[in-house]
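What follows is chain A paired twice: with chain B in the first complex and chain C in the second.
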Partner chain A sequence: MAQMSNDDTRKKRNQRAADTAARLEAAAPLFGAGKEVSSDNTVALLEAVIRAGDIVNIEGNNQKQADFLAESLNKVDRSKIHDLHMVQSAVPLASHLDLFENGIAKKLDFAFGGPQAGRVAKFISEGKLQLGAIHTYLELFGRYFLDLTPRVSLICAFKADRKGNLYTGFNTEDTPTIVEATKFRQGIVIAQVNEIVDELPRVDIPGDWIDAVIQSPKPFFVEPLFTRDPGLITDNQILLAMLCLKGIYAEYGVTSMNHGIGFLTSAIELLLPTYGEELGLKGKICTHMILNPHPTMIPAIETDWVDTIHCFGGELGMEDYVASRPDVFFIGPDGTLRSNRAFAQTAGHYALDMFIGGTLQIDKYGNSSTATASRVAGFGGAPNMGCDAKGRRHSTGAWLQCGQELPSLDQQLGTMPRGKRLVVQGVETFGEGRQPVFVDKLDAWKLAENANLDLPPVMIYGDDLTHIVTEEGVAYLNRCPDLDSRMAAIRAVAGYTDIGLQAKPEETKRLREANIVKTPDDLGVDPSRATRAMLAAKSVKDLVTWSNGLYNPPSRFRNW
Partner chain B sequence: MALHTVEFDIKLNTGTITIDVPTHTGVVGSSDMEVLMEPKDLEGGVSVRIVTPVTGFDDLWKRVLDKFVNETALSDTRIEINDNNATPAVVLLRLRQAFSQATTD
Partner chain C sequence: MSKWNDLQEHSFLESNARDRALGIVDDGTFTELAGPFDRLSSPHLELLGDAVAFDDGLVSGVGRIGKTPVFVVSQEGRFIGGSIGEVGGAKMANTIKLAIDFHDKLVADYPDLSEEEKPVLVISFETGGVRLHESNAGLLAHAEVMDLFQKARGKVPVISLIGSKVGCFGGMGFVAAATDVIIMSEFGRLGLTGPEVIEQEMGKEEFDSSDRALVFRTTGGRHKYIIGDANFLVADTIAAFREKVAELAPLPVAAFEEMRRVGSPETVERQVRGVALAAEMHPQDARDVWAKAGNDDPASLTDMPLAAFLGQVKRLSV
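On to the complex of A and B.
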């Protein structure tokens, strides 16, 4: 064995740190006291620390947004800074896409498009944007620690102190994940904050992980995305909610779940203290939830349905209410909530018994997507939760029952028992503008063609989908022995759509006898009771009353 | 916006159920509709009149009403619907609510 020489001629392994030091050195004249950089120097700071071709993260999910830093990045000298590879949870702001129009960014890896989904598709087809992939949140977060580690991250917090410690509080969301990935691979982290103070309520991110702090000229934008006005819940959504509660929640005794955004799940939440109580389900369902602080959960929380709720993010107006319920929510020593998207998604992916949400389209095989031909929207958190996590090993009643009902399990595992996540899509057979929800082929195929994607973007794959609930009834797809039977069960609840019209009465009759399809009548749900009288709260004002005045709805939800 | 009127009759051989009183359910809000049902001697038939802003769905209306009349075995009833973009799901729900109201009040 050759003797090691004292002259180490191996390649240097600390180039990233040296490069970071050089970049920060270039930025040094821009710093004021400690880590503070004035907002006027933001563009100069970005020009000093970002290089062409860097992987850059702009924090922003569908809730809080590092909006000032995103706008500032659009103002850098594009002859110096170009071809950036943006990696970020979401691109909901115009400024996120302006980077591509302005020739500053070239490639995008993300999870959720939101309001900019149309521009993403357009820019791809015009060659302005090179799409890496549409991810799920956990998948994208995972890649931050694998092959998509940001060189520079532009993040967002409520408050900083002079040392750069950050308070992210109620809206902690993605910040810990982004900062850890970036800083521990010698990257640069710049935070925009609403306020620089002497003392923080608590430290959410340690100051030595942060390179620069900028007090933004105005507070960051937060979208109250999870607020649903009970006044807009329709009778039909109440019918679907009754079918869900009796046909699925009660049938399987589902204790842990995530509710997707939508009026159906809001209706379910508002039926717990009424219809749920009547069915005797209190304490038997909905005890552990992974959920943003939905205002429509207030009546159920106030009537002691729920043990715990862990949150991906915050929700505007719910701060004081949530802080007043520390037995239910995850509250810090300072008395305010800390959300964390990575942990909530981890629980959502591995530990939950059920995901229930809605979609724009379901195909005849049961694949579903919210993608349309001209919008690259992405799916946010739904796919992590709307799938059967094969890594799960603990058992619960609901999970075990759902797995035991699979007639084909022995085809794969022999005699070995295994459970299965309940993945439920609740939809009206026709959506807005009488567009059929059940379709022969998803629009996602057209999108894949238009935007040159390798795969049609599917939100929930058919083999993960276990139940569909429509006004026609519940299809228990997990009880179907094969694809033919699944397709027949889908047709049976597809109503008057073209797919539904292909249902054969005698086939539907056999499925009902086999308990694979249950109509409202089979379930003992009386559609004539499906009225707004069923809701525990009928307006936003009712929610405020339920909360003892602690819920403070954003002005757009106030009409009194 | 011009309104579109759809009219048709449905007659079942098995139609035996009549309603006792006229009834009114629902409101003509967005994505909703109102339905008026009244008992009328139509020799066992059901007459339907729909006023809607949407064209191109006449067949769908007929299929939904056929299903409703079949499942209830309704006869001798006049049904009037004033629609504002209700989906078939809402249409059936309103019809069932109206029927339940007209037969139990």
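On to the complex of A and C.
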């Protein structure tokens, strides 16, 4: 037992703080007024505060990017700074992967690959990049507070003052999570900002959690990832959307959900004020959503379908519209949105009744993946929502009904009732590039082999998937008593893919009689009505009109 | 509801060539000439091993609006960008020729014919100009059409409709300019050299073709209406285009002469004054021109609802 005395020789557990102080001391000459560092001194600052082997985070999700800091990190002296262990949500920028090519970084733990997914796979096989793991967002955020706490984080914000207070506003996204994990374990946080001002609209991150602010030479990059042009929605997608609304939303009375990115979910959003209204569903479905500010939600919001939307991030062009609808969105005292990915993902994991999205491939068992043989695409947030949250305890109608329909529940829980999240994949049987969506074996297996992964990267596992919607109809997988019947239900809606051609008419007939498979006809959906005339907005311009001129679409979506 | 009724509220932008032709004239009056069942397809494409279309990407025919016979040419952007080849070009030229011959015969047989009973020609443009696979034939068609416009002048008014996805570019941009009147929607684009080619020749600083907002601000319907290259700006429905055509069709041919933007000493002088103004102003953006026309807040004009735009926009006069 240690002695209590004045000349205590026990190890002082404050080495990190001392190390941080020493690093910041080395950087002291680079500072201007307060916490301001000129952009010319960025590389010198990074060289002063980062050490070889550090765990480093570069902020960037699929929306805002600390792009200037990422580029600057590529310019450091690699004889001093090397073998960095990068931990970050996403690696969508070329500069993120250049770090590995340049020998500055060695190991990567991440969640989402985006456009660099091909290089991630290539670098792994060439030995340039050592992959820790591919995570979901919440899982990675959790590890920031466990075994992957960043020593240095390079983040981004719209505005800072000279005390280091940050305004992250509309695109707050991951910033609070990264800063909290880093700073409260004595790490160093450097922020690139678009503007250094005297007074901020509001303080999103307190200045004493920030070590340096740099006004970047140009504003950080934001990708309008969640904007879908209604002009590109096809009649087939509208048919799928009608089947979803009637066969699932109405059938279960789903009030809370997340919509994955894609033209199908955009079509559903644009059908709420038309087909949804016709089915009398207003107030009964889609009242609470966890969703980025999708422009295609504007008509539904304007016709009072939605109570609440909480956002993971922002969406370029939606700033003014969102700010003017504070009854619906989460708006700060300054009048602008604050997004927060960690909270939105938490709600998405525990509180939502349904996740609906698309995928590239579904195998004969119902496992689905967006991985291809040569791209480590990652998961992002879909798996947190596209699964049944085992820790959920509150009940809602849709969740209870989905659970009650599970014939296999008693095999695990005896007579104990339990609900289940609806996890829906809406796909055309032949997807992008006319490739079959239904396959015998996922390409994820080949990727696991090519990139030496422990497991094939599966976005949604078959046991979590409850429904598949295709142009052939709806498969209610949650109503299947066993794997054989699940596989038969999948075949029944797989159309003319090789999997679908194995469907036996007799078997499909039995599944229809058992309400496990429903065709458009069974659901009373007339495919001839599935035309673009059904859409509440047929173009981006229509969305601007719906928004009363408040939606300001990015240039690439403007055709007027 | 008949198909024709459905078509009226369809987006003009999204409608194919045949739907535009059917919908622009009165219900049930359209007769297609040299249609797909006649199987007149391009011999050049076949030689090159490319896919052909039985209408060669162009719908031609005749219908009626009220008492006015309406000859119709409608281009299909989804077939090789609406490009003009030998067969499509011949269909276009012959429809104009037919309209002129019909006019002459009608006037000769019925000297007391009212203005509204005389034919008009409507061209729904969706094209990038000459089809490069058959360039000589395509160019020849352009020349023939221009020549026929001169023959039609004073007899058969030629009305341009521009509001389809491809826009109206290349040689067909000249052709549209030479018609009597141009009706556009805000989604229509009219120009000569396409945005990508300008960027390729002059550099990204001169014109960034990936900046869609810039492209539309410079070639789109609102700008063309402000600077006077388009006579009328209408909503994006077949009904709105049809309504404007129906309003113009009964007018005496002399009224069309006043709507022309080129082709007389006065219009040439106006064009020259426009060129002089451009040289003096050196506009960096279409909005500079809108401001010059007297619009105090030019940036607001882009997203303003169409009715509000038409209500308050000031057009350039030189």
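Following the convention adopted for this analysis, the second predicted complex is superposed on the first by the 555 of 560 C-alpha atoms of A that agree within 3 Å, B and C clash if a C-alpha of one lies under 4 Å from a C-alpha of the other, contacts with A are read in each partner's own complex, and residues count from 1 in each chain.
As a convention for this text, a contact is a pair of C-beta atoms (placed from the backbone, for glycine too) under 8 Å apart; a residue touches a chain by one contact, two chains touch by 3 or more.
Keep in mind that what you see is a predicted model, and the values were worked out from it rather than measured.
Of the two partner chains, neither chain B nor chain C is touched by A:S125.
Of the two partner chains placed by superposition, only chain B is touched by A:D235; chain C is not. If you count the residues of chain A touched by chain B and by chain C, you find the higher number for B. Legend: residue contacts after superposition of the two complexes on their common chain; A:F557 is shown touching chain C, with no touch to chain B. Residue contacts after overlaying the shared chain place A:G549 against chain C, while chain B stays out of touching range. Applying the stated contact rule after C-alpha superposition, one finds that A:S539 touches chain C and leaves chain B untouched.
In the superposed model, A:S528 makes contact with chain B only, not with chain C. In the superposition on chain A, A:F430 contacts chain B only, with no contact to chain C.
Judged by the document's definition of touching, no chain A residue lies at the interface with chain B and also at the interface with chain C. Within the complex, the chain A residues that touch chain B are 234-236, 239, 428-434, 470-471, 495-496, 501, 526-528, 530-531. Those residues of chain B lying in contact with chain A across their complex are 31-32, 54, 57, 60, 63-64, 85, 87-90, 92-94, 96-97, 99-101.
Looking at the complex, you find that chain A touches chain C at residues 231, 532-533, 538-539, 541, 544-545, 549, 552, 555-560. Of all residues in chain C, those touching chain A in their complex are 6, 9-11, 13-14, 186-187, 210-214, 216, 220-222, 236, 302-305.
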